[in-house]
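Both of the next two complexes hold subunit A, though its partner changes from subunit B to subunit C.
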Partner chain A sequence: MLNINKISDRFSGNFAKKLFVYLCVSIVLAPLLLNFTAFTHIDNDIWNHLISENILWQLCKNSLILCFSVALLSLVLGVSLGAIVAFFDFPARKYFEWLFIMPLSIPAYVFAFIYVGAFEYSSPINSFFHQYFSFDLNPPKDALYFTAPVLALAFYPYVYLYSKNAFQRGMRKPLENARSLGLNPIQAFFRCLLPLARPAIAGALLLVIMESLADFGAVSIFNYDTFTTAIYKTWFSLQSINGAAQLSSALSIFAILLIYLDFQKQNRKSFASKSLVSKDQRKRFQISKFWRIMFFVYASIIILISFVFPMLQLLYWAAHHLQNIDYRYLHFLSQSAIIATVAATICVGLSFLLVLIQVRSQNTKHKFLIRLSTLGYALPGSILAVGVYSLFAKFHLTHLAFTALITGLCIRFLSVSFNQLQGARLQYSDRLSEAAQSLGKPVTQRLGLLHWPLLKNTLLTAFLLVFVDVAKEMPITLMTRPFGWSPLSVRIYEMTAEGEWQKAALPAVFLVLLSCLPILFFIFYDRKKST
Partner chain B sequence: MIIIIIIMKKSLVTLFCLMFVSAPFAAELTVYSARGEHLIKPIFDQYTKKTGTKIRFTTGKAPMLLQKLVSEGKDSKADLLITVDAGNLWQAKQKGLFASVDSPILRTNIPAHLRDPANYWFGLSLRARTIIYNSTNLKAKDLVGYADLAEPKWKNRLCLRTSKKVYNQSLVAMLIEDHGNKGAQKIVEGWIKNLAAPVFSNDSSVINALAAGQCDVGIVNTYYLARIISKNPKLPVKIFWADQSTTGTHVNISGAGVLNTSKNKIEARKFLEWLSSQEAQGLFADLNHEYPANPVVSANSLVKNWGVFKQNKLNVSSLGKKQKEAVMLMDRAQYK
Partner chain C sequence: MSQNLLKIENMCMHYPQIGKVLDNISLELKQGEVASLLGSSASGKTSLLRAIAGFEKVTSGKIYLSDKLVSSQDVLLNPEKRKVAFIFQDYALFPHLTVKQNIEFSFSKKNQMDIMRFCKPLAIDNILSRYPGEISGGQQQRVAIARALVSKPDLLLLDEPFSNLDVNIKRQLSIELRDFFKSENVSAVMVTHDPNEAFAISDWVGVLKDKELVQWESPYNIYHNPKTPFVAMLSGRGSLISTQIESIDFKNKTASLNTPLGKISGDYLQDIDASRDNFKLLIRPDDLVHDDDSSFLAKVVNKTFFGAYYLYQLELKSGDLVESYIPSHHDHHIGSSIGFRVEVDHLVLF
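Moving on, here comes the complex of A and B:
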């Protein structure tokens, strides 16, 4: 990383930067572009079927409604939780601050299975209602009413984390100014703070939307058919990988559109605060006992349904299969940890550089190109896996399985760290960097003395997010992992493939434990910092 | 530094020796498998113990493994592909991935309808997809077969798994072969009219729904029921062998074939032959409560208790051929 910058200072900095950007973007876009080459052959009967039976139109509608509902629910949950954690003191706030991230460690399809299992007709909960109240908790006729809330429970932590970080990066002063201008706290929040945190929140929402759009595992458990269902159906059932690639390209075009909209909006406004955040600004507001209790209850309910309940269910199932634990679980765990650490480090490093280059760049096209490097998140995992693998195969590099695996994962999760860092970087003014430059500080010193301290926390959160996401990722890991590797996500897949969900609980519990490690590190790091 | 170089040199020499000296003694096979690790590793271990042949394997979803093999092309190190569902095996053959294996042993061990007519792949275990019923509300004499479940008397009494699962696609492919496209569509439309609940995402949920009384009849693969019954023998759900007086119960397979790119075809064939033998068959099927494909070998006791049944003798390769048609038919019938 640093070497690149040394070289870039010595020679023309712009050239090195451009080379770096083009290299990153082309690696990310290569497997996506591969999908577009599928248009050379069109399976007429499949397209006729998808269009004439009105399937495609219905599924597009379903996808849009699902994305909108999940985004809205995650927005409400994430921002409200982010705000109460950032601004107010209430009992156990410190624990909640980290607990809210935990749902991310449970794969969305495991969430789906737990919730469907808990509320279906034959579940103990329903049997209880059936027996004592003669009332059935029949799942709603439209699967959307079940799918959207559960996906929101799985994805709200993105919005929470992004908005909490944005709020903690010095929102006290603007809030006080707004209050002194006569706005009540609620007005001040909606008219002053929310717009300021917009780039960060928009980044998180894009992740949520893309994740719901590309999700296959969870929606298929709810039997809620989306556009992605059509992609898999075309590939798995109608036996046309070409058709699937063509449909996936449509999905990437939609994602490009979303990214462009967000990009345009961001480009027009400046969100930067002119000063650095002082310690004083991080102080939280004092509130009455009533509100402290209310916030505590709200936070507890959300944690209960989004983490404690699914976790208890997993532990209950895992307890029945404890005899399956042996030394091999150490291997599974360590393989997951290695993959997640390597991928997260590379993702965070690349996005750090890309974000810094993007913010200073004057060229809009160049800036947009950098944003496009986050497109991998919008593709269904299996399609991306096939793309990456066939590229490696084209160059006869399939023996480099680990490299293929990490490349695939980085392409997929670059946006998670990028959006996070971009939100943070846009919140402090460019003038700081310009000032440092005018003082003759070289790039390495500017990175070390200015950007690193300012972005350090965000870099660590970005690392955490990518780590957790990679650890639970299934399709790319399944397809490209080296021989003999069996990380936890693959373990979960193998059990669920034949419907042995309860057996899958054990590796799932280990996955949560693994995700706890970086989170514990954070808590420790936070404590050390505050003392 | 010097020490490191010496160590490296030594290890390189050892590696060199190992590569060239040990190769003739310990053969190695590479297997791509759509059956999970816990269902295949015990069998592989047994083969290694018996013959010394090491087996390297990777697991994954069948369509992804096929795509993996297609992209690897001639570079592929894989010798065998094991997958579930005849449709996947049929596709692998269509893509030119399999090599034909002319083996009298395999022809004797595996019945003709459970292998490819040109010997490109062979069924190794049998998966029967049949009717189950709630034994408190129904008697076996109330049931006939798949087509009968489309009759109005079953209104609000039927539970089905989603049409997106390949098992149902294969079942409907069989119905198309037996009843023609129109006949099959009428049956599927009848099923949809009779549903007691929205379709389920897996067979276990269908069984649980039946046990809880949400519906009276359903269609599942028998090994799911075996798995649940082995934990809860009192479950009020029983098996009914469909269409015994006519075409027979739908069977699918999990099977394997030797890959075209294999550099070790003789070893691969030997392994495949062993998999079809009495020694391996019991274990292969038992690990997942399936039926052995080799008719000489008997199923485990729980499965055996369900009695002998008449199989639909349609060659399972037709299931792959008709899969696309079946999927389109189910879409038209609004089977989600």
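Moving on, here comes the complex of A and C:
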């Protein structure tokens, strides 16, 4: 006899969730697995070359040092700025609060060519220093100490955003508790607040590390060889797509390891400790005039080097090429906007559901599978593009170029929205969902009445971050775009590939303006909500 | 005869990483009855509530609500379909909604009612426009209770609902709730650490120890006829003193005992294995009545002031320690000897 309860439960609950999770993970892993199949044909010449001349070890070392340096610098910048904005009042704090997000609108490769171009030997800035101070600012192109800070300037806003959001979710009470237990403010910050904000900060750092690992544009401008540049060189210089796929698989193993370590740590700690944040908890601490000025100066310096100066330099260059603006730019702009909007909407929607399933799931394997679906962020875009293209070719779907492009971008950037939403979801207790359930609300109503209102700001932030990332993304867009499409990032590539950095400034300015739009919308929305 | 609202049969629950959480639980609750679950920390009280609510799956056994199977190894009816409202220890109020919106959360277009009927008795009618973050802990708890009640549940589950309230409000609210449950014919199961709270509000009390339900009876029987020393000590203060049986009448269930307090006779309720030589007799503080004229003397070794009375700890000549409630105008010094007599209604032997 059929057990109706049993069957309906399977279809309404766990079965549907499992199906959804397996589908997401399969779509993400399929291109990666296709890369792994490259190991069926080992190219001995390439591996002998990489191992015998110690190149592989040097590449690994370079990549690790770069990741560590960028993560450390981003951590210091992001957490310090997040903390001063969340906890203290200083002149122009309201403006700095959103200005710190603005560097996200500038791609890392644009940052790199701005700083290289601005400080190269014949640049006006270098000439000025040379003439008046007998000092050359010309950056040593192969030096880590120039690559890491520039990447950190591009990536610190992730850490800033995540940590500021975490700090603003009611840290006053834990801080006061720590103070009452004899800790001074600095001890309380490091021993209590920072560990409490750890899930959010760790999520942001994971993004920074993965971005650094996958970056090709910026490191190649600085001539700093990493694992990713080796993948590109193996493909383009040594003409071995098989070897590139093998190296890429090795990189994805490293990414899986990173995700696993983060997952293990998060899985052991429960951060869902509170369900209410009173307005009192969000009040800022009073500080002396000296510290107000110090924080203002610090914030101004960071904004100057991470946004104002790069933008001025871009505008300066772009002003020399204004005659190139024509109706084509409308196409470049609209194509970038369409791709970014579609990819960001899908990423945020999938992340929303995956995070809700992951947080309530008691199955560790299930949780890890979900985490695995965010793996794409660590992979170089071009390798992912090849994987996605191979996948579509396998099923004779190459005519669906736009779908392939969006699939590749979603695999690449799902992690951005997922980490943002996971941090926010862990901030409120499961009891809220259970309370709604016990009050008779089915899953659809719980989504609308509970999770949506509590997560909508974070959903908007996640959308904004993915939108900006997708708009800036270059390799996947370049390789899988539909015929005739030429979004802004592709246009920039076409210019920089010819070494015409000043000409690339014009599409770069358009790209930055496009990325600024969702940021400004978010700021406007956030302010309106506050009032 | 009213039907069973809740019936649990041989229910077990395991968590993959923790192991056994509940073992072989069986109980029944009728419509309009209120039950409390007592037990030490991590004994499985909250897990049992969560299993009844449908938040956790049972490993074996069955749970019925109004004679409908809702949980078994193969069946798990979703919590929102059970008509069981859960009041969490941490309130779980929705921070983005006002108090009124929280209370009306369960309403649908077809299902609305006058919330003031619940808000006035709970004294939250003047804070309806505030957000949960703007009200006190006690008020939050009342809002959580009102929110659960207006959803018109068949069964109310309360996980330590009075834990954050001060004594006076706790006492007042527990009496009001009991009257409210009775007048509305609401059934409820409440988890608590406080036996007095459980006795005041409940028709049934269950005691959990090491994941098992060791006793499920009326509050009177839990206090006066505990089945194990654990239940005896959990349900109130008491001492266990060494005893030998002098004579026993199995037919009338009466016995005469030789104890350090002298010869004590009375009826007993539980089965006694007469082949054993030694037993432990439960003596509650109210079993010993202070009497200056009595020839039974004991030394005061400690005393605690409770306003109307003292709790005296007394050492008998045998070295056994017993306790006694004595009106506070009898202020005896520690070290002095005082007289008392024994007034034991039932013999509770272990």
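A few comments on the model shown:
Definition applied: the second predicted complex is superposed on the first by the 513 of 531 C-alpha atoms of A that agree within 3 Å, B and C clash if a C-alpha of one lies under 4 Å from a C-alpha of the other, contacts with A are read in each partner's own complex, and residues count from 1 in each chain.
The definition used in the following text is that a residue touches a chain if its C-beta (ideal position, glycine included) is under 8 Å from a C-beta of that chain, and two chains touch if they have at least 3 such contacts.
Computed from a predicted model, the values in this text were never measured in an experiment.
In the three-chain model built by superposing on subunit A, subunit B and subunit C fit together without any clash. Contact with neither subunit B nor subunit C is seen for A:416 once the two complexes are overlaid on the shared chain. In the superposed model, A:122 makes contact with subunit B only, not with subunit C.
Of the two partner chains, subunit B is the only one that A:235 touches; subunit C does not reach it.
In the superposition on chain A, contact is made by A:450 with subunit C only, not with subunit B. Chain centres taken from Cα atoms put the angle at subunit A, between subunit B and subunit C, at 160 degrees to the nearest 10. Touch criterion not met for A:154: it reaches neither subunit B nor subunit C. In the superposition on chain A, A:465 contacts neither subunit B nor subunit C. Looking at the shared chain after the overlay, A:390 reaches subunit B, while subunit C stays out of its contact range. Residue contacts after overlaying the shared chain place A:432 against subunit C, while subunit B stays out of touching range.
Superposition on chain A places subunit B within reach of subunit C only down to 33 Å, the least C-alpha distance between them. Chain contact summary for the complex, subunit C toward subunit A: residues 15-16, 53-55, 69, 74-86, 88, 90-96, 105-106, 132-134, 140, 147-148, 151, 153, 157.
Interface residues of subunit A, counted against subunit C in their complex, comprise 3, 5-6, 9, 12-13, 275-281, 362, 428-429, 431-432, 434-442, 449-450, 453-454. Listing the residues of subunit B that touch subunit A in their complex gives 30, 34, 36-39, 56-61, 63-64, 67-68, 71-73, 75-76, 91, 162, 164, 166, 169, 197-205, 208-209, 211-212, 214, 224, 227, 288, 323-324, 327-328, 331-332, 336. Only residues 49, 53, 55, 116, 120-122, 126-127, 138-139, 141, 143, 220-223, 225, 229, 232-233, 235-239, 241, 382, 385-386, 389-390, 393-394, 396, 398, 475, 478-479, 481, 483-484, 486, 490, 494-495, 497-501 of subunit A touch subunit B when the two sit together in their complex.
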